[in-house]
Structure formats: structure tokens, C-alpha cells
Amino acid sequence: MIVVIKPNTVDEDVQRLIRMIEAQGVSIHYSKGIDHTILGIVGDTTLVDVEKIRSNQIVENVLHVQEPYKKANRLFHPDDTIIDVKGRKVGEGTISIMAGPCSVETEEQIVSIARSVKESGATFLRGGAFKPRTSPYAFQGLGYEGLDLLKIARKETGLPIVSELMSLEQLPAFEDVDIIQVGARNMQNFILLRELGKIDKPILLKRGMCATMKEFLMSAEYIMKEGNEKVILCERGIRTFETATRNTLDLSCVPVLKKKSHLPVIVDPSHGTGLSWTVEALSKAAIAVGADGVMVEVHNNPEEALCDGEQSITPAQFDKIMKTLKKYAEIENKVM
Amino acid sequence: MIVVIKPNTVDEDVQRLIRMIEAQGVSIHYSKGIDHTILGIVGDTTLVDVEKIRSNQIVENVLHVQEPYKKANRLFHPDDTIIDVKGRKVGEGTISIMAGPCSVETEEQIVSIARSVKESGATFLRGGAFKPRTSPYAFQGLGYEGLDLLKIARKETGLPIVSELMSLEQLPAFEDVDIIQVGARNMQNFILLRELGKIDKPILLKRGMCATMKEFLMSAEYIMKEGNEKVILCERGIRTFETATRNTLDLSCVPVLKKKSHLPVIVDPSHGTGLSWTVEALSKAAIAVGADGVMVEVHNNPEEALCDGEQSITPAQFDKIMKTLKKYAEIENKVM
Amino acid sequence: MIVVIKPNTVDEDVQRLIRMIEAQGVSIHYSKGIDHTILGIVGDTTLVDVEKIRSNQIVENVLHVQEPYKKANRLFHPDDTIIDVKGRKVGEGTISIMAGPCSVETEEQIVSIARSVKESGATFLRGGAFKPRTSPYAFQGLGYEGLDLLKIARKETGLPIVSELMSLEQLPAFEDVDIIQVGARNMQNFILLRELGKIDKPILLKRGMCATMKEFLMSAEYIMKEGNEKVILCERGIRTFETATRNTLDLSCVPVLKKKSHLPVIVDPSHGTGLSWTVEALSKAAIAVGADGVMVEVHNNPEEALCDGEQSITPAQFDKIMKTLKKYAEIENKVM
Amino acid sequence: MIVVIKPNTVDEDVQRLIRMIEAQGVSIHYSKGIDHTILGIVGDTTLVDVEKIRSNQIVENVLHVQEPYKKANRLFHPDDTIIDVKGRKVGEGTISIMAGPCSVETEEQIVSIARSVKESGATFLRGGAFKPRTSPYAFQGLGYEGLDLLKIARKETGLPIVSELMSLEQLPAFEDVDIIQVGARNMQNFILLRELGKIDKPILLKRGMCATMKEFLMSAEYIMKEGNEKVILCERGIRTFETATRNTLDLSCVPVLKKKSHLPVIVDPSHGTGLSWTVEALSKAAIAVGADGVMVEVHNNPEEALCDGEQSITPAQFDKIMKTLKKYAEIENKVM
């Protein structure tokens, strides 16, 4: 960590600041430039109260040399994290395919879709029971009943299930869900993250619509700090100025996230643009860019879907896409 | 609502779509252009399932003619909403001043600041007990103890208190808080909003860092739909590409929000840029642009603040600013 | 085009507006809703003065049904545009590889890089002579001498050359350049675009850092309107909130641009993130997502490069990447 | 400037880098941390080739301690720059009012508007002759004829004129224009900026739609470096996710720009939101926040304006606004 002192500061004030910082258990390298004096902080900088330094009147800026996350940082954990979910691996070397409808609607619907996507090679069944909707007048999901239907579909097909938890009081109902999804709007719901860090279950953490990679990894850190290191990162499109698509899928974050962190990275092309006809191209690109899997919305009748029909593909389209994806997984030497 | 049909669609498909839409209790105006056919939906369009229409294969686009919020919409509620908080008005015609520290630290600190800001003319005491922090390693607030200290300061000064609620399970502890604040990161925590709609207490709703005004008002709508119409909007800075400031305070949203909605609009200049030396200029501008008040961080010792010291001003600076703001309120013919 | 009339407008005013619009050679479909009256404009809407309608006091909004570009629009030109550059095709079915240094430095450097990249399979040589730099104190390129060196490298290798034109007065010197590049910062330099529309030479138009796809295609339209239809679109990364990378490469724009337009789309992964170690992953993803080629910065000694060394790969790395890209081109059934 | 070395770098490589940097005429402070080694560069860092350092394989990051602009930097030029334009001051202490139509249309129009705005107290006449338009099919301005009409209006009223130059070849025609405006889309047209630095005439430089303040000031630096220090900065709205307004006026940049630089800062509320009914509120706020003036679009018949009618106010509205602005200028102790 580097502290930049304002020009024309009297030396006495600098010395006082140095003593204040050193009292926090670190040491200081002092460097006097022509216009600016610089203090390099050496030691365990996570102990240091940055806010306090930054608020000091003689401080112009505090620069970070090192990423502020630790457990999620590849620097301290060079090996890839590979998460075992009911015998299926999620992480480097494997392409995981999480497929299913935006929202669970009926038993017939979810079981039928589950069977189709399993047949085509999906490894997980996704389905929303609780749906975050911008409008209070829109369909909000089946809730607890939706979770029950998902479990029926799991029983019928053996596919582990992924579903979104929206609020802490829903947690008991997710005890038997295989992967708990945290939605983009909850990426910085810190109290929720902290509690999810206390359970022993994989968490699929979606990137916030405007989050930087550092913020994304800091949210993973919130979970990991409490003990739960089974975090799967999921890029699902960021907000940009574009209006022709719902979001802009940021595929270029994948190699960067995988370099900075050891956690698995999954890509959701369906939310990425919100346009079903782009799903194939984006899924191929996700594998090519190094993602550990894709999460795809599949609906047996997109035109009648209660939610996000515009971005869902049919089981037949999914089957065709899977055949292509297998070729890409092969070039990448990955299991799919 | 307007539905744009794709070029070269056969008429039979258009007729089927028309029947599907009309079945939802609205009527259709049909208009055939050279390349595109257009359907105008007439009637109560909030009944219409937009997703379903958008997912139809023959539909190119659905355009909204009218804002999707109703209770927050000035079109249906032309008069300004003025909220009474313990005898103090918040809304058009009054400049409310909410001042206090980023986070409550000790009884001495909060009581002393409360006395100072009251002396200078503040009408509300703000103070954080639960603090959303990007890093899990940063100070997270005093929690319930912080709320107790705030209440002591209220007792000492008579200033109604404003504090942020981060999660539903904290709600019982806020029963005796005068205005409940919802932070920017929770602006789309829809379950939280819905529950806050069921209580009878003013909610200060902060705009999300990347939220459009429509999304902001839709979040207000979530609260109002359940019955609680005492919503105070608060602009606190949006995220832009700027790195010289923490956020970019969007003062230009104030006249637009006040035209589109009847709800009071407050501005938070402290979070707006994160730089204490801009607070005076931005507060003056907030009043000039038509805001109904400002929320300012004041700390007796910013250099020792446990949180956000960089953006806090001292009680002496606050006192000076208040004298200037009064002149602005006067020109605007507002009570302060 | 759809005109939304403000609520409570008297009918006489609406009739006057209708007459004004109809006088522009189009006809009107009139549709009266509960709160809003809507006018659908039928006919050649490019004749209509949108600004004038929008400024009318009774108009609430003007909605566009159809994209505002014509020559670049696939709707009016369903077949892919394939551009012939000295016998090499650029467009659907072919993967073009444009490789070379950020800036031309010496004859030895450019000839040596040209030979290497040709050997590895590149089809075009790129190299900057005029460099747009954020700082006036940074190296601004060799200028006209740089163009001469590029031509020597072309003579030595037979590779057609691509170079950036920064200002109209440089145009004569580009007469013998095979593809003229327009940089991201000039994407809306309308006078430059218009003049480039009057020559008969392929233009590689880079997307502005904050441009929407519609704006990007409107800039292509500026060139095409004057007669030059040989426009190659190039995605090179957009500005987002991310600070860990120089830009965010928007691969998801590729399928959308190719659907909306018939023009070739090239991807520049080097500028996309500014990090050389991401170039391989992003190039593979570019082919997988449907791009018609990639433009890659290659430098024989990135550490000594006068410009953008951080994002350049070595000829040896380029050679390795090319071998992988060929496998991807093969799956996609494209010539490379 | 601070160079952060990658973890686990061998000392020999660090020493080689130090020698390379020192060869550029600066000295190094070496500081070894637990994970990272840091080099502080002391001396005139503008001599240092940052790109070259950043491209070095052992370098993780280069952090800037000091702003990269010099002539525009208040650190080296503490006094406010006040520009004299035909006897009128632009800069700290004075509120300049630049008013007039988006585009010059006829002699009658421009003379009539000029007379009105002068009467109301405007100090400059603005009017566009060359108009940058997103669509090639939109009205592009009267061109050279427009400049002639502006000069007639100046002769009639004595108001100095401000008009936008779009391209270098137009420069001779601007010899007799009092302030040359550079539009937002040309803020990084570096060749244009450089040439404007060689003339002796005030330049009103508009901030790019997505430009940071640092980039804005670097563009001012391009002009100033060549000798022309008469640069007026103009905030005119930035692009955000908001769609209810054309742009988002960034009033919070004003105090920051005025602290970082000594140049005058003008605000353009008309382009700021694109909505004429917000101009009054935003103009008041501009003065309150510390701007040195406003640039306002005034049109005698906004509904018939050939350009931007939606954001223009009438002379009568302008007159009313001026009366209010004078009260604000008075509180701020500024001449208007």
C-alpha cells in the first residue's frame, strides 16, 4: 500500500502520520520526491485502516499495490478450485452445462424440460422459484412450491439442481438444493453473503450488472471468509450503453478472473444479451475463451413462458447447440 | 403500449397475436406500414403480459408509451407528496437537512454531533448502525448498539433519526427509528422493499449506483404498492467512468424526478463525490436545482472516523455551510 | 415512426400536428388510448423531420420502429458483403488475420515482423504511422515515414497493408494503402467519414469506446451514403467500469451486428483488454462467436515497443495462436 | 510515479529495470515488501517512457502519483486564468452567459435572437454553422454562410460570437470568430487540438460524452502545450445509463475541475439533459456549484427549429431565467 502525501506538507506532520501507521503493526519506507512524498507500507496491510489514512488532511491519495481479497486470490492459492457437486466436478478441466427454464411453472413443464436437457447432455438443472422482477406487477415465481417441483424433476432425472435464493429467511427451504444461486442484484447483499459463508454448500455467485471484477471477487471473499470456499463465479452480462441487447455479455472477464482467482467461472449467455438467437454463438465463445461451463435458459414453449421467454431456447435448439459445444470442449481438451 | 411486428409476417400470424392480446382485456389499433405492421394496445396496459408478447416469434419490439409505475407517477397523483415526520415536513416547499456521522461510534460522539448539527439548524439526525462495506475486513458498524445510541442522541436533542436497515431480520429493531433508510445496494432488494411497504413509516430510498430513474421509481412503486406511500427519494451519486471522485452526483435527475413523480427528492452530496471539500458547492446546487433537502455527513473528527472520514465535514464547516444554504432556500422561497 | 401525444391535449392541436406531418409526404394512423393518443407514421420516414416533431409542445415522445440506417441495414441488403482486397476476401466465410505492430518504428522492425506474421498465416499487415495518444507528451508515430516503411514491408512480403488515417489532410498519402483504418476516437468525425465515402477503398471503421451498435452503424452509413460501400466494422473494446483491463472487449456485439448489418465484422483483442496474455483466449472466442477475422498486435520486442507494448504478443506467440485458431476456423467451416 | 514489481521476481531483473529507468534521467527509491517490491521514481517523470516500463515482464503495475498534465494543472499555476474576449472577462469572479440558437438558420432569425438575448443580459452570442449530426440524413448546418450570418448579428448587437469548428480546413473561416468551440466528439481529435494550440484565440473545449476529467484536462493540455493557453472548459452532459434524458449533466465535476485546474469552467444545461424545461433549474445549480457561466440554447420558435428544438428555450423564457440567475450571481459575489 502506498500513501501519497500532499505537496508542501511540513515534515512534522508526515512524521506524525508515519507513527500513526506504524502503530498498526507495519513498517514504512519513506521516499521524498520533488513534488510529492511517498510512504510505502510494508507488512500485512490488511491490518491497516485505510479510511483513517485517507481521511488524514496531509494525504493526497492511497494506492493499492495488492488485490484486497485473500481467500479468492490465486496468489495465495495457485491451484484451481474444483468443486464436487454430487459427484460432478465444477471447475478447470470440465465443462458444466446448467440448463432449464427461467422459472419453474408446473410439474409437467419442469420434468419434461429436465428430461430433454439431460438427454442432450446437461449436467445440472437450473430453474427459478423466486424471481427478482423490476416491476412489482410482474410474475414473481412460484416460490416454495417451485422448489418442490425442482426436487421432483431432480428425482426423475438425477440432475443436481441450481436455484436462486433471494432472502435469508428462504434459506431453510434451500437445504436440499444442490447449488444455491445468488442473483446479480444481491451480489453486494453483504449480510446474505456472510450467512451463505457459514453453510457447506456450493454457491453460484452472479456478477452484479455494474460490478468490477475486484468487487465481484470481494463478494466471493465475503462468503469464503466465513469458511465456505465452494464459490462458483458466474458472468451474466453487464450494463453498458447498448440498448439493442438486454445486457452486454463480458466474455473478456473470463481469462482475467481465472488469472486473478482460482475459482470456477461459468457464463450465462441467455441473460448476457437477452436474445435467444445469440445463445449458440455466445456459448461457443464462452468455451473458447476458457469458461468452465455455461448456464442456459431452455423452455419447452418460449412464447408461453411466464418469464424471459425472449431469451429462452427450445429443447431442440439446445440439443443442436450441445452437439456443437462438444466439438469446442474437445479442442480445449475438456470433459463435457 | 406498441407492438412492432417483424417485416414479411403473414397476416394470419398477426391476427392470432391480436386475439391473444385482446384476450387480456385490452383493444388493438392496427396500423400497416411499408415495412412494419404496428399494433397499438389501448386500455389498462398494466394487465398485459409484456414478456409473453415480446417472446412471440413475429414480434420485433414492444415500445412503452407510458411509464410502468402508477402510485409513484405524477400523472395519476398531480399534487406533491409531503411527508410528516414527527411534525417536520419533508417535501416541496421545505428544505430538510439530515446531518450526522457516517457511522455511530460512541455515545459521546453521536450526542455531541447531534447537538452541534441541531444548533446549526439540521432537522434530522442521520447515523449508520449497520454499514454495507465492500470488504469483509472493514468495520461493519456497531449494529443494534448503534441504534440505541442514536435514540439517546434523539432524546437529548429532539431530532428525529434516520438510519439504514440492511436486512429484514433487523426490522423489529427499527420500530422506533423515525425514517428507515434503504441503501443504494438494496434498491432492488425486492423482498425487502415489499415488506417495507407493509409498515407505516417513512422510507428514505437511495438510488442504486447504476439505476435509471425508471428503475428508481419502480423500486418506490414496490413499497407503495403494498400501502406505504411515505417514500422519500434520495440521489446519492451514480457510477460513471470518473475515477477522481467516488461517484458522480447526478443533480440533473432532480427536476426530472420531480416532474415524473410527486415524491420528495433529497440529495446526498457527501456520497456524491466522496470528497468533503465539495460538500458546500454541491449542497448549494442541490437547493438551486430544486431538491427538497440534503443529507450530509458530519463528524467531529473526520481523521479518526471509523468510516468515510474522507467525505465528512466538521460541525464548524457544517455551521458555515448552513448559513449559506439559508440564503439559497430564501431565494427559492422555501422553509429551512 | 410513432408519435406519442401528451395526455389531455386538445384535439385541435393534434389535428394541426397531423397536418404538419402529412405535409412531409407520409400518412398517419391515428389511435386514441385512455391516457395517450398515438400517431403512427406510415411511408418513407427518412423524409420526416424528427426534431421538429419532437419539439412540438404536444408531443411527449417519438419512438422509432425501424433502424435509422439504410445502406448498412441487412433488411434492405440481405446478402453478406464480401470485400475483395487485392484478391483476398474479407467477410462471411473467411477468417482474415491482420497482424503487425502498434506503431511502425524502423524498416528492420516492420519488415521482420511482416515476414514472421506472413509465415504464420496472417493475411494483412497492420501498422500505425499516425498514433492518437491521450497525452501530448507521448510518442505520436513516425507519420509519413511510417507509411513508406509499411509499403516497403508490403513489397517484401506481398501482404496488403492496413493503417490509421487521423485527419483529412493525410488522405493523399494513403492513396496506396490497401485498407484505411478509422480509429475509435474518429468514429464520429463526420466530415472525415463523409470524405472517405467518396473514395474507392476499403475502410476499417473502429467502434467508438462508448458507441452503441446503432451509432456504429450510423457512422458506417455516413461513409456508404456517399458511395463507398466497402466498410469493415471492427470491435476493439468498449469503456466500462472495469479498471483491471484497458477496455472490455464486447464479443457479444458480433452476432448482433452481423444480424442487423451485412458488413464484415473484425475483432481486435489486443486493444480489447490491453493485456497480451488474453489475446489467445479472446481470438479463439472471436472466431467462435462468428467474427470474420481478428486484428492482432505483434511486436518482435514488446518490452522495447514505442507504443502499447503491454498488449503486444511476440511472433513466436502469434505463430502458436495461429495454429489453434485454424482448428476453430475449421469447426466453423471457414477459410483461414 | 511508482512501479510495482511482480511477486517472486529475481533481484537481477529488478536491478536491470532500475538501470533502464535511471538512464532516463530520474532516480529510484527501492522498497521491498513481503509480496511486492516497489520502485518510486523521483525526478521529472514526464521524461519517463511509461509504456516501456509497463511492458516489462517483471512489472505488475505503474501507479501515477501526480496528474499527467502540466500547463492545465493548478499545482503549477495557482492563480485562476481569466480570459479577456473583446473586453469581456471569462473566468473566476464573472458569470458569462453565452446564448443563442443551436444552429444559425436565417439572418432574420439570428439577428432577432441576438437582440433578444443581449437585451436580457447575455454576454456572448452562440450559434452553430457546422453541426455534427449522428445521422447523415439530418440537417448539417448552413456552413460558411452560417458564419457570415453570425458576424452580421455580432455587428448589430456587439455581442462576441462563439461557434463550433468541426475540421481543420474550416479554420481560415474562423479567423474572425471570437471564441472557437470544439465539440464533444472532437475532444480527442488530437491533430485538431494541436493546431488550435498554435493560434491566439480562446478555445471553448467541450467535454467528451464519456471522458474522465483527466482526459478532459489532457485535451486542454494538447492545446496549451503549443502555446495557446486561452482554454475554456465546458461541461455539457455525459453519457450514463439514463434514457429519460439525452445526457446527464455532471455538475459535480465543476468544483473538482476548478480545484485541479486554473481554467474557466462553463456549463451547458441545454445539451445536459436535452429538455428545455430543465434549463432554468440546471442554470441556477451551475452558478451555485461554482461555474463561471452557462451556455444556453435560445430559439425564437423552438417548434420550427432545424436542430435541437426540444432543448431550446424561447427569448421570453430566457429573459425570466436571467432575472433569477442574477440573484444567484449576487449571492456568489460574482459579476453578471
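Going in written order, the chains are labelled A, B, C and D, and every chain counts its residues from 1.
By our rule, contacts are C-beta pairs under 8 Å (C-beta built on N, C-alpha and C of every residue); 3 or more make two chains touch, one makes a residue touch a chain.
These numbers come from a predicted model, not from an experiment.
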| item | value |
| --- | --- |
| Chain of greatest Cα-centre distance to chain B | C |
| Inter-centroid spacing, chain D versus chain A (mean Cα positions, whole Å) | 39 |
| Chain A and chain C, separation of their C-alpha mean positions in angstrom | 31 |
| Whole-Å separation of chain centres (CA-atom averages), chain A against chain B | 27 |
| Residues of chain B touching at least two other chains | 210, 239, 241, 243 |
| Graph class of chain-chain contacts, one of line, ring, star, complete, other | complete |
| Touch list for chain D against partner chain C, complex | 46, 51-52, 54-57, 68, 132-140, 166-169, 185-186, 188-192, 194, 209-210, 215, 218, 221-222, 225, 239, 302-310, 312 |
| Residues of chain D defined as touching chain A within the complex | 2, 4, 7, 29, 31-36, 38, 40-44, 61, 63, 65-66, 75, 239, 241, 243 |
| Touching residues (chain side chain C, partner chain A) in the complex | 210-214, 237-238, 240-245, 248-256, 259-260, 272-273, 275, 277-278, 281-282, 284-290, 324, 327-328, 331 |
